[in-house]
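In the two complexes below, chain A is the common chain; its partner is chain B in one and chain C in the other.
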Partner chain A sequence: MRVLGIETSCDETGVAVYDHRQGLLAHTLYSQIGVHAEFGGVVPELASRDHVRKTVPLVAETLERAGLQGRDIDGVAYTAGPGLVGALLVGAAIGRSLAWGWGVPAVPVHHMEGHLLAPMLEEPRPGFPFVALLVSGGHTQLVEVQSVGRYRMLGDSLDDAAGEAFDKTAKLLGLPYPGGPELARLAEKGRPDRFRFPRPMTDRPGLDFSFSGLKTFALHTLQRELADAEIPTQEREQIKADIAYAFEQAVVETLVIKCRRALDETGSRTLVLAGGVSANRRLRERMREAIAGEAGEVFYPRPEYCTDNGAMIAFAGAQRLLGGQQEPLRFAVDPRWRLVDLPAIDRRR
Partner chain B sequence: MTKILAIETAGPGCSAALWVDGEVEERFELKPRGHSELILGMMQRLLAQAGLRLTQLDALGFSRGPGSFTGVRIATGVIQGAAFAAELPVVPVSTLAALAQGCCRETAARRILCALDARMGELYWGAYGLRADGLVELIGREQVAPADEVELPEGDGWHGVGSGWAAFGDALARRMGPALEATDASRLCRARDVVVLAAAGHLAGHGVSAAEALPVYLRDRVATPKR
Partner chain C sequence: MQFDIESAPAQEALGARLARVCRAPGVIYLRGDLGTGKTTLVRGFLRALGYSGAVKSPTYTLLEPYSVGALRCYHLDLYRLADPEELEYLGLRDLLDDHALILVEWPERGSGGLPPADLEVNLSYAGLGRQVRMVARSATGRELMRRMENA
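Coming up: the complex of A and B.
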């Protein structure tokens, strides 16, 4: 089965074609970063407007890259939540109507299920069951995954998601939007033992997360260290890099501790990292160091499948279509759709 | 035979209409926020009833705005997808023009002032005149502005239609004076009128590709840059 996937939940338009026998055939991505940069964050109405302009051209480009015609497509998947309601509606309207026009089934996909299954686009692919750490702009969750659609929430964020904490801290450090990857780059120049940030909520049992305090800690450290106006520019830049390092280290170590705990509690040996923050090099390295070997195996996709993309939606959609799920001749989106409310798919492939 | 399917979801109504050589079949339902549930089924049923497949059509039309941003994008997205899949040209039709066309279809009006409530104290506004060929034509330009700033047309015998006449009827009537003949604030834009204008556009060669079938919002300043 060859599935066209469309992702429009936030500020990225992604389109891909996935074939369950041949794998990913093509994918394209258009980022709206340039559209929102001057506003300091995503403007929902502008995001919707841009998706309306970009989705169909990307569908055309993706088919062309795959060397396919519309009639070669057996199903269409589109992100139907969670995300920005207007942005979601654009992808859902186009996706559902493309499927109608082609006379093939359509399926709405949960954006986080897309992230969660994205590591399965790679070889070797993780096998069920596994524990997934979802770390993105809007989520920090530990999920026990039995199979497609059988999810148990082990831990969740009580306040800022990890990616959000990265972005907000980056802003404090004067880095351009969106700051996560920029902060990671700055942290490369940081000195390891200059500052030590707390590891929130690791001193008590449980698998929940709280990262908003780290941002405040970064702010106070920055204000204290840069209070003296005499500090030369070069030294100031070094201090910022040191703070970036300490912040990133605190997030990474906290995630490592919780992931270890989740594996212990579930008895699972497979950990999957997904979502935008799992593109973070230090997180990937440390997780492998800490968990691979003695405790089990760690899987994560290449960075382009960590952040939002159409490939993960095409893949998740293919699993659901193969499992017999189909949307009637209508479309609906749910900006607050919960992962645990998804129906289970029993087909094993 | 010329066969065209058009939809309208920019307002509180949801409708689809099929035009076959001047004969029009329409489905209409008043269900605000229900457009995404209804529209594809309406399109499907119209085609089935006429024994047509999507690919047998000559063009698609849609109400391209102005109107509810979400509603306009539902129509646009649905038409883009269908047009791309079936490789059909698309004729975008002004929501205001279709509203005016509907007024001329049902009344003796020849000069129509369309006003839709655009919220934030503004109107989507456009003046239309009925031509000899039975189609409406824009006079001046479509605009978004407060009731006391919209550009008034010349002449008299104007019929005011659309939700804007409920929200700002008094202010508009005061400015129009005796040039305003009648108003109907409850009139909604309908696909049966969109399809008539789309058919004319198609025959005049005004079709665009799926990717070029885009909304017209009129209100384009929707955010202010920081700093």
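Coming up: the complex of A and C.
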């Protein structure tokens, strides 16, 4: 079965074609297309989240890259939530209409289910059940994945997502926004043990996260350490690097502590890291040290499957269509769709 | 009105005090740098209205809708908006018909596309604490401030 997947839940417009026997056939993001100017001539500078003007050309481009035509597609999957209602409606309307026009089934996909199953686009695939840490600019969640559609929320962010805390702390340190990756680079120059930041919510049971306070802690540390105007520029830069180091260490250690706790609680041996922040080098190293060392396994999908993309929607949609689920000739989106409300899919029908 | 805030719980308490005198519909702008406590104030505001779940930062999602009983409340954060035109993709016009309370962080990024404020809340650093200044911008806002003073 060949499935076209459309992702338009927030900033990115992503389209992909996944074949359940051959794997991913093509996978494109509008932001990458713009750079390569493959729309034939001048590429207009379209606003972020202008999915209306981006989606249809991107579908055409993706089919062309896969060497396919509309009649080669057996089903269409689109993100139906959670996300921005206006953005979701674009992908849903286009996806549902294409499926109708092509005479194939359509299926709405939960954005977070896409992220949770994205590691299964890689070889070797993690086997069910596993624990997933979804850590990005918008999310910090721990989820137990028992099978497709059987999810248990273990922990969630109470305020700022980890990636957001990175981006905002970077801004406080004078880096451009969003500067999470720049902060990580600055941290490489930081001196260990210069500052110690708290590990929020690790001193009590539970798997929820709160990173907003770290941002404030970074701000107050910066104000205190740089209060003296006499400090030479070079030393100021070193202090900023030291703060970046301590901040990154606090986030990483907090995530490691909670992941170990989640594995203990569920009895699972497999941890999957997904979301943009999972590209962080120190996080990957520390997770491997802390978890892979105890005969557990840690899986990381490649970064292009970690951030928002159409491939994960095509893949999750294929699992649901193969399981017999499809949407009647209507569509709806739900900006606050809850992951635990998804129907389970049993492929052994 | 001006307030000296010493801690995050005090910021939440101020949000709660504001919520108790607020009537829908209404538009509140929150202005202040990163880390001055805008979302913390909104958290206290929503809790006082009776919302018990997590009040997350809307920086990434841009918009978080809340329902408490019959009351609808929208928490917007326009920090990531590059152009006020993008407000169109948030479905902002539909929200305005909703008889809702609308709280907007970083309203300057949406200027021209936002409804005018009834009340402006300006937040700034003051040592380890924060200073909060509230300014009425409409008759509704002035009435709100009067109730706040008497509360």
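One rule holds in what follows: the second predicted complex is superposed on the first by the 326 of 349 C-alpha atoms of A that agree within 3 Å, B and C clash if a C-alpha of one lies under 4 Å from a C-alpha of the other, contacts with A are read in each partner's own complex, and residues count from 1 in each chain.
Heads up, the rule we're going with is that contacts are C-beta pairs under 8 Å (C-beta built on N, C-alpha and C of every residue); 3 or more make two chains touch, one makes a residue touch a chain.
Note that this is a predicted model, so its numbers are computed, not measured.
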So in the superposed three-chain picture, is A:273 touching just chain B, just chain C, both, or none of them (first/second/both/neither)? neither
Please indicate which partner A:250 is in contact with in the superposed arrangement: first for chain B, second for chain C, both, or neither. neither
Looking at A:86 after the superposition, I want to know if it touches chain B, chain C, both of them or none. Which is it: first, second, both, neither? both
If we overlay the two complexes on their shared chain A, which of chain B and chain C does A:336 touch? Say first, second, both or neither. second
With both complexes superposed on chain A, which partner does A:316 reach: first (chain B), second (chain C), both or neither? neither
By the touch definition at the top of the document, which applies to A:145: first (chain B), second (chain C), both, or neither? neither
Check chain A for residues that touch chain B in one structure and chain C in the other, and list them. 48-49, 85-86
Which of the residues in chain B come into contact with chain A in the complex? 36-38, 40-41, 43-44, 54, 69-70, 73-74, 76-87, 210-211, 214-215, 217, 222-226
Interfacial residue positions of chain C with respect to chain A in the complex: 8, 34-35, 39-40, 43, 54-57, 59-63, 65, 79-80, 82-83, 85-86, 88-91, 125, 128
Given the complex with chain B, which residues does chain A contribute to the contact? 38-40, 43, 45-46, 48-49, 52-53, 55-57, 59-60, 70, 85-86, 89-102, 329-333
Contact residues on chain A for chain C in the complex? 10-11, 47-51, 83-87, 137-138, 156-161, 163-164, 168, 171-172, 177, 212-213, 215-216, 219-220, 223, 335-336
